[in-house]
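My questions all concern the structure below.
A, B, C and D label the chains in the order they appear, each numbered from 1.
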Amino acid sequence: MIDKPIMSAKEAVKMISAGSIIMVGGFMGCGTPKSLIDALNEQGTRDMTLICNDTAIYNPDKSLITGVAPLVINKRFKRIIASHIGTNRETGRQMNENETEVTLIPQGTLAEKIRAAGAGLGGILTPTGVGTEVEEGKQIIEIGGKKYLLELPLFADFALLKAKKADKAGNLVFSRSARNFNPIMAMAARTVIVEAEQIVEVGEINPDSVMSPFIFTSIIVPVK
Amino acid sequence: MDYTPDKSKIAKRIARFFKSGDIVNLGIGLPTEVANYIPSDVIISLHSENGFLGLGPAPKAGEEDWDLVNAGGMPVTILPGGAFFDSAMSFAIIRGGHLDYTVLGVLEVDQLGNLANYKVPGKLIPGMGGAMDLTVGAKKVIAATLHFDKGQSKLVKRCSLPLTAKGEVDYVVTDLGLFTVEDGKFVLQEYFKGCSPEFIIENTPADIIISPNCKEVEV
Amino acid sequence: MIDKPIMSAKEAVKMISAGSIIMVGGFMGCGTPKSLIDALNEQGTRDMTLICNDTAIYNPDKSLITGVAPLVINKRFKRIIASHIGTNRETGRQMNENETEVTLIPQGTLAEKIRAAGAGLGGILTPTGVGTEVEEGKQIIEIGGKKYLLELPLFADFALLKAKKADKAGNLVFSRSARNFNPIMAMAARTVIVEAEQIVEVGEINPDSVMSPFIFTSIIVPVK
Amino acid sequence: MDYTPDKSKIAKRIARFFKSGDIVNLGIGLPTEVANYIPSDVIISLHSENGFLGLGPAPKAGEEDWDLVNAGGMPVTILPGGAFFDSAMSFAIIRGGHLDYTVLGVLEVDQLGNLANYKVPGKLIPGMGGAMDLTVGAKKVIAATLHFDKGQSKLVKRCSLPLTAKGEVDYVVTDLGLFTVEDGKFVLQEYFKGCSPEFIIENTPADIIISPNCKEVEV
């Protein structure tokens, strides 16, 4: 194995530019790389497309702000692809006032679209969304009398991920429910930037315990 | 009859559905409360769609682990024998028919078994999250809802809001009674003590038939 | 969690009968549940359908016989679905002499078909096999000018799996390259019989280390 | 010129393809031997399609772990930094374009980049195993083969055997030379010392053009 570059969050996000498509791991902020989000926010990059399960939590009354919410509030996205935006009222406002294009995708379909991109599949057939607005514009394929939607792969330029532990080659271990979308996004982006709580030597992670193999990781960023 | 909303009746009645070994997903909000009423001799496992099985109660204050949250993003615990996995596996479990029950809140549910709970066009658009997969994938779908919202019945002939899923609802439990959905009609199976079938039928703008086995139940 | 039944291999295979479709974990015999194969062989059940990556190794000159090979040699299958049969010459003989119907499927397609069954997908689109005999009889779907084969899910009545460790609830841990097809087959069969080298109490496996969650396991069999 | 088959030339030449960091899958048989000739300052990682990255050399006699085998079922080792996964992930890596190279043996390879290596109808039918996915999925496909089998060239105008993959071969390395596949022809890029372009063209029933950069190479 060769070592992957290790750099600061500020340095790592420099390659992200206006128009970039970014995937961000996490679920309501749990498993989202906070240092990378903060650095990207500070960098001020605009017109990005976000692919994330949700737009996390933004509750100004309680001073609560998690996950990708800072980027949403600062209007960094021209498009947001997510399964849930209900806990960040600013996303809904931007959507309703046509400031940001928001595409809602069922969570399981989102996961499979991302996995399909990483796995080289041309698409997958899911029963989810049949008979709902989700089927609009999609090919419906009937198999054995049952209808399925053909859902296409979803790629990104960058994946911003959060790991509990990374070895220097880029093998990753995630913690508890902070795993969520992180391992599948690792497969589906051209450049994968991983913020790791702990960075260890190659060989220190048991090969049976690796949750995302080193080949997907491009850059490792220590948590600030 | 006076109507006083009572969410606890819904949670209590749904908690009686399960048998030991069942794998269940409880939606955020009212469905979550079902967990508080499951009889101690019934051992079910709760699935959390953000990526684990064996969802346990909230931790004590000060013992929160922010890497261990429920689908609402709030700290929870995992029971011995639980297992974590990624989102693709979590929804493989859901879509693949490996859940015995899913319990979801609703904005509207209709007599065709259609359910709407993710979008009020032009107003509230929280998104479907995992709800579309859960309703399509779980073996049995239980809609959990107060019978009325601002005087309007949540049980209708046809949903007017965008659907979460088409024809997937098996049971509706409100604070007035328990319904199945059969052949395009609600079938009243139980009315809860303090209510009557007549009251339900009069105040619900949907076709309801009374099951021959319909009975009064105390919850 | 409730405990799963623990029984002998002989007892467990009793529910498998003529005509049953069985999936068997393993790759060239590595990760195949030997006690279960031996018990099923002894039981003498015929006319089964086998779904397995390969028909393992049978080399009478070297007295080498691994994995599912004993069942093949004793002609227990009316149909074999596999990606590779080259290391068990008896499978090839039965195929060429029309004694057994053999369907060859590319290994990655086999894995995705099994996963699709477990994941509730109606099928997946793969570029693998386009322009080869594998495309015969299959729907070809063109996306963005590229051709894909629509491959359908593959289910079984029984999965016979081999784990390194199982807790009594059925959570599984696999060892090294013996993992292979075991976790995905756990998802795709009605009844999942797991032969485990070690059976531990519930709670002894770290929830982050579980490779197949307990809900898929039906029966646990200790290695004889 | 006398032809004496020499597999080591093929393995040696292919071993020079790689740069540090490359992820490579070597087929069972001749391709496996490539690993023996990789320069010590080039650090590549080998993928084993039965489910891991970081494939190492065979263990010493007596130190075999039968839970750790290669795609041929024979005991191997895993290098520090390697990782195990299931077959779905293994082929996600392959099909998803995450391998830089795959090296495969062939029964026939033709000037359209078609490759046949899994079936001789009515005779030998080993099955395609992972070969179809590997040829379709890897960024670059290298066909590794002796130039002749029983006097017949393995490089042909059109494969007569059932194809493993259509138009996917990028390079063919034989014991005589190195070819690319371009615009429906083999292009000779290198001929190995002791051979000549003329000998290759005369004895190969396929359209071969000689690259303007073609050179003699010692392997």
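In this section, a residue touches a chain if its C-beta (ideal position, glycine included) is under 8 Å from a C-beta of that chain, and two chains touch if they have at least 3 such contacts.
These numbers were taken from a predicted model, which means no experiment stands behind them.
A count of contacting C-beta pairs for B-C and for C-D identifies C-D as the more extensively joined pair.
More than half of the contact pairs of A-B, counted by residue number, reappear in one of A-D, C-D or B-C; that pair is C-D. Subunit B and subunit C, compared by their mean Cα positions, are separated by 36 Å. The centroid of the Cα atoms in subunit C and the matching centroid in subunit D are 29 Å apart.
As a whole-number value, the distance joining the C-alpha centres of subunit B and subunit D reads 56 Å. Chain geometry summary: the mean Cα position of subunit A and that of subunit C are 33 Å apart. Each of the following residues of subunit D touches two or more other chains: 52, 78, 84-85, 88, 91, 94-95, 136-137.
Contact with two or more other chains is made by residues 112, 115, 119-121, 126-127, 175-176, 207-208 of subunit A. By the touch criterion stated above, subunit C contacts subunit A in their complex at residues 112, 116, 119-127, 141, 143, 146, 148, 150, 152, 173-176, 207-209.
Considering their complex, residues 27-31, 53-54, 56-57, 66, 82-87, 92, 95-96, 102, 104, 106-112, 114-115, 126-134, 164, 175-184, 211 of subunit A touch subunit B. Residue ranges on subunit C touching subunit B, taken from their complex, read 1-2, 115, 117-121, 167, 169, 171, 187, 202-203, 207-208, 210, 213-216. Touching subunit A in their complex are the following residues of subunit B: 48-52, 65-69, 71-73, 78, 84-88, 90-91, 94-95, 118-119, 122-133, 136-137, 162-167. Listed in rising order, the residues of subunit D touching subunit A in the complex are 20-21, 23, 43, 45, 52-54, 78-85, 88-89, 91-98, 136-137.
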